[in-house]
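Common to both upcoming complexes is subunit A, partnered first by subunit B, then by subunit C.
What follows is the complex of A and B.
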């Protein structure tokens, strides 16, 4: 009982900690609905089954835990890509550092502006995909985000676009508590690429609701930077129409606490989705959690989940993946692989790869492996004159490479490869 | 006897053979004998009564009461993927025994009520010491199985006790063991599955009535297979038995367990606890064919099977192998586990779980690797048909000190029909880098090409499915002792009866 009260005290405190902004009637209703939902669920606690492997305290504690700023001289991610750049500092849109909100084939505005308009297409999406994603598993941090977030982007792709939208998050205050909410709609037959990079804030809570209509393609690549003390919780809610394509990939290095949830739902036939991730964790403080929930509710769809984690010096990697195939979702092809590579004796890999299947004409499989670097492969390389530490790095990068290959754009995957190679290098420094 | 009209030339024997495999639950009969019940419901007095009926020592009663006090504060777990009406624990009889067993226990099987013996004969369980299991043609010397027959709350008798005694093996009912070897029982009881382990284990600790006790002394290879046969007969009664097997240094035993119950339209509860203690270089093989009444095709009646089974490999190089064929029960909640404490110890789990009609099974294993160089292997085959739900739930945990631990897990699910479900919920926790853990799972339907191949050769669809399914289960069936493998193979076919077309 005491535990339950704790949950509800925490959710009330979180709601009270943020000012609820003004907006159009529909937006206020969506926020109110999410707040009610959150009050009903309570904040997540370690005892919750869905948080079995990740302690959510750092994501819900008040006041916001401090995270010292991390200064580095790396070139910002995706700088070499021809893109529309949009910058958020501690979760607040910074127009001065951003490009114009203009791109052929795309309608782009800030969440704040969109939610003030009485008539807006976002009405059918804002908080809607998030609310759908609360069943059968509750995601209180996403409800909190919908209830209080004012910052974010509202993006609608109406045709073919050739430039990606690149969102850059800058962390500049050591107690910033950011709530960012993006709404994305890719119209039938249209395509869109969204890139996200940077740690964002001392504590960063982001939600992206992406509606990919029939025959549309959505591509999402995200990197969560080297900021050691930051905490992050992200939710990607994807809805896939018939013949659509959805791809999302995340690279994470460092960070005290990262929980990335992807919740995808197939609603039309013949669609394809891939969710992938490569993470490299160094040190006791590192805790990284990928939680994926894919629901098949239509015919002949294909989903892939590919997650790789390299862990050293006491780092912890978590994977919770689920493929749910509803009754009648025949001809589903579901695939899921999660692998952990432990570079020393202190690191942990915890996984819960689940299948829940109610249709018989399906092919679903999952695999999960954990272990150290393969001695035979290491011997092969060293016997050919490659120094041991270099041979190890090669094997680690090859291991992560299998996940990075899920990015269907060589210019983007190349940048990720380089970052991870640099991460390996730093071990020797 | 057959009242079926058959074509000329078809032998009566064939008809009977086919009928016996005829898909209906064939152990659903009821034995009509006088039963003595404890009063309905569960109170401290009932716990005292059970203890008194068994003439237990004081410490045993205290242990039960302790468990009962704890149980009253516990809540029924709800995390398994099974759905059943809430159990009214006050609407169950916690103790039932045939009146003929009441006063003085029969001295030998010859004194046992013939009706009871008849029941076991009908079930195909050899209670005569010279009896052999049907279909096995080997010399008497090689193939003997000692049986402990448990009927509702009491053990009816145990065969081959004298001969086992010569080898130093103790095999008797739990209640007898409490009288004859209280020191052994006291030393090991609750050390593998503690009183407080979980809701059903705690309930069992308070009200268990009987069960089997096995002790294999150092260096002894048990001269025959041991077996316990559980039969629920009385209506509205829970069966709570407790099995404790201790294998001392360098010993070996193979133990078989079978279960059936009459066909009734009210669900019945079965909550057992099995504890295995395995010392250095010892090995236990534990095989179960669970065929409790599964309820009818609309989900009416059947057994709720909530069982806690755990093996503790205490010594180095200890070995345990769980093999289970789960075809019965309306609801199954069962996770035979291995604690691999000794260095180089090994745990294996082979399982076939078949759920048809409205059956629900949530079953799997836990492999807890604590010692160095420990190995485990999990092969689980789940088959769902009708409107059944079948879940594999398992844990593989490599502790920081389990250097060079190895695990391989394979879970395959087969779906027959589009109204059933197959689910996999594995937990993998690895905390040291010299360990290697591999987990694979697949879910698919019966392969059309394989079916076509069989049909082409003249099999009907149901036969073809049974054959394909048997192939799917092969790895597990091979791990069973021979008699069980044959029974299991037939069961696989029967359980799927009516699932096609």
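What follows is the complex of A and C.
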């Protein structure tokens, strides 16, 4: 079958395109396992059901499609935040531009270093959460990442932390093909905030495996920059212990192709998770895909998915979200909303909300809407003297704001509000 | 101030004429009231003056201080000095009331070539005006009109009017949905803005509002036309006898 050959030729080619240095035995085994897995699955192709709304070609093609640098004079996101700054240039850790790998309550090192150590706690997580997340839906790009990534951070929060770890991704070469893999462990009762920002590379594939143990809290806020030609595939694998809190928010603006997958699994009771996203696509061919899979396998857990997309000038937004409630996961509260705001007739919002429930005492709801700017609200604002373009921006920001407000830190959410408002203002230039 | 000549308006999407030749002249500092049965075209006239979409002007003119209103965008009409207090103020989730007010005030100042009010100045002014209308800090912080009671929405309209300091205020059934105390509060807010120069067009069903906001001229509108104009006593006549007699008189 020609199509199948294409899938497997592509996965072989991708595996061959990256040099994998030697590492500790456990690291090589994890990589080998992922590579085998990938060879079995093959690379994603447009025909795959899970890629029905997003053509993966740009994420798998070789040689790497070029992405011109997007030059701007903006202050990097999160620069105003008191944080430990860690910089990756085209997916490679840059110690010179980074702060020291040190933070109270945190063990922090590069993936490169960790994968060389014969004994390391990351052994139980690296490639493990990713492998768990391959079932029931295959995620070949994540397997590829585990198989070949050498760059990333290994972060373990052992106690209370008072500042975030802020990872900044700089895109510097127009053909860079980056593989970044982070392993995060938040010990019982500990807390950690990880911020990510920037386009990363011409093509950027990142995986974060986050193990949030009992009573721990993990916050993740990410902004994916405005580089028009960048291509990005990310996977966040989260495992939640009892009474834990997991929050992840992503703002995506432009970029020719973005696929963000979040795969969460509740393994202990009374835990809470929120995955949110706000995206703005303004241009022909800009394509954003948020794909979420939440598995409830414990009692009394709460999950929220809140995604908002504003689209115009031919941009496309995709949402695929699933809540799976396994047998016995009683008292689950699952919520999911995805909304598209289309500013013209050329843009598209495609949503596939799914619930699959095998427990009988749960409260799950999902909704998906698509619409245009509310004429009555627009008239109300303009009748007070607000120019139409500004009034429209206010309504767009208000719409996205409902997703941004899912960030449980007012300084961070305010920062994102302000950045979005600045971007809109620039557009009117 | 406001001059309307033979204004004829239909709906854009269906062949229906709503205003069939309205003539109205409101001088500087005057307060005019328009009363009339449901469906006579009162609200349509207020929307058309403010520039709402969905209507088609098929004839006539409307000018504000000799400037053609009908050719302008809604925001230009506002900057020119027109203000419409909505019968049903729109709820706008996610937009803070205060942000909205400041944006509107500064947008109008900009359109008129004036400098922005600083955040401090703005806050001082808005607090004083809000207090007079019994609008508390919490209402200012909340999203525009979201979760406001009927009375709060109308007071919020008057606050916007007070902040924007328009030349010509059109109040579309500002008394609807208000209890007696709320109506008095709103009327006091309006009266506080009467300075001998600012003009008002008060659209209402009931004479009661006009006890509080005393009009110079009362017009009766029916079937898209002003059928009778007179002094405040005309409102009392409507209150006592309804519209039937007036309509019969004209017919």
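Operating definition for what follows: the second predicted complex is superposed on the first by the 427 of 429 C-alpha atoms of A that agree within 3 Å, B and C clash if a C-alpha of one lies under 4 Å from a C-alpha of the other, contacts with A are read in each partner's own complex, and residues count from 1 in each chain.
Here is the rule we use: a contact is a pair of C-beta atoms (placed from the backbone, for glycine too) under 8 Å apart; a residue touches a chain by one contact, two chains touch by 3 or more.
Quick caveat, the model's predicted, so the values are computed rather than measured.
After superposition onto subunit A, the partners subunit B and subunit C occupy separate space and fit alongside each other. Of the two partner chains placed by superposition, A:170 touches none, neither subunit B nor subunit C. The partner that reaches more residues of subunit A, of the two candidates subunit B and subunit C, is B. Contacts of A:395 after superposition: subunit C is touched, whereas subunit B is not reached.
In the superposed model, A:371 lies in contact with subunit B only, and not with subunit C.
By the document's definition of touching, neither partner reaches A:115: not subunit B, not subunit C.
In the superposition on chain A, A:355 contacts subunit B only, with no contact to subunit C. Of the two partner chains placed around the shared chain by superposition, subunit B is the only one that A:344 touches, whereas subunit C remains out of contact. Across the superposed structures, the minimum distance from subunit B to subunit C, using CA atoms, reads 13 Å.
Touching subunit A in their complex are the following residues of subunit C: 50-53, 73-75, 77-79, 84, 86, 89-90, 92-95, 99-100, 103-105, 107-108, 111, 143-144, 160, 164.
Interface residues of subunit A facing subunit B in the complex, by the touch rule stated above, are 49, 327-328, 330, 340, 342-372. By the touch rule above, subunit A contacts subunit C in their complex via residues 375-377, 379-388, 390-391, 394-395, 397-399, 401-402. Per the touch definition, subunit B reaches subunit A in the complex via residues 79, 81, 398, 400, 413, 415-445.
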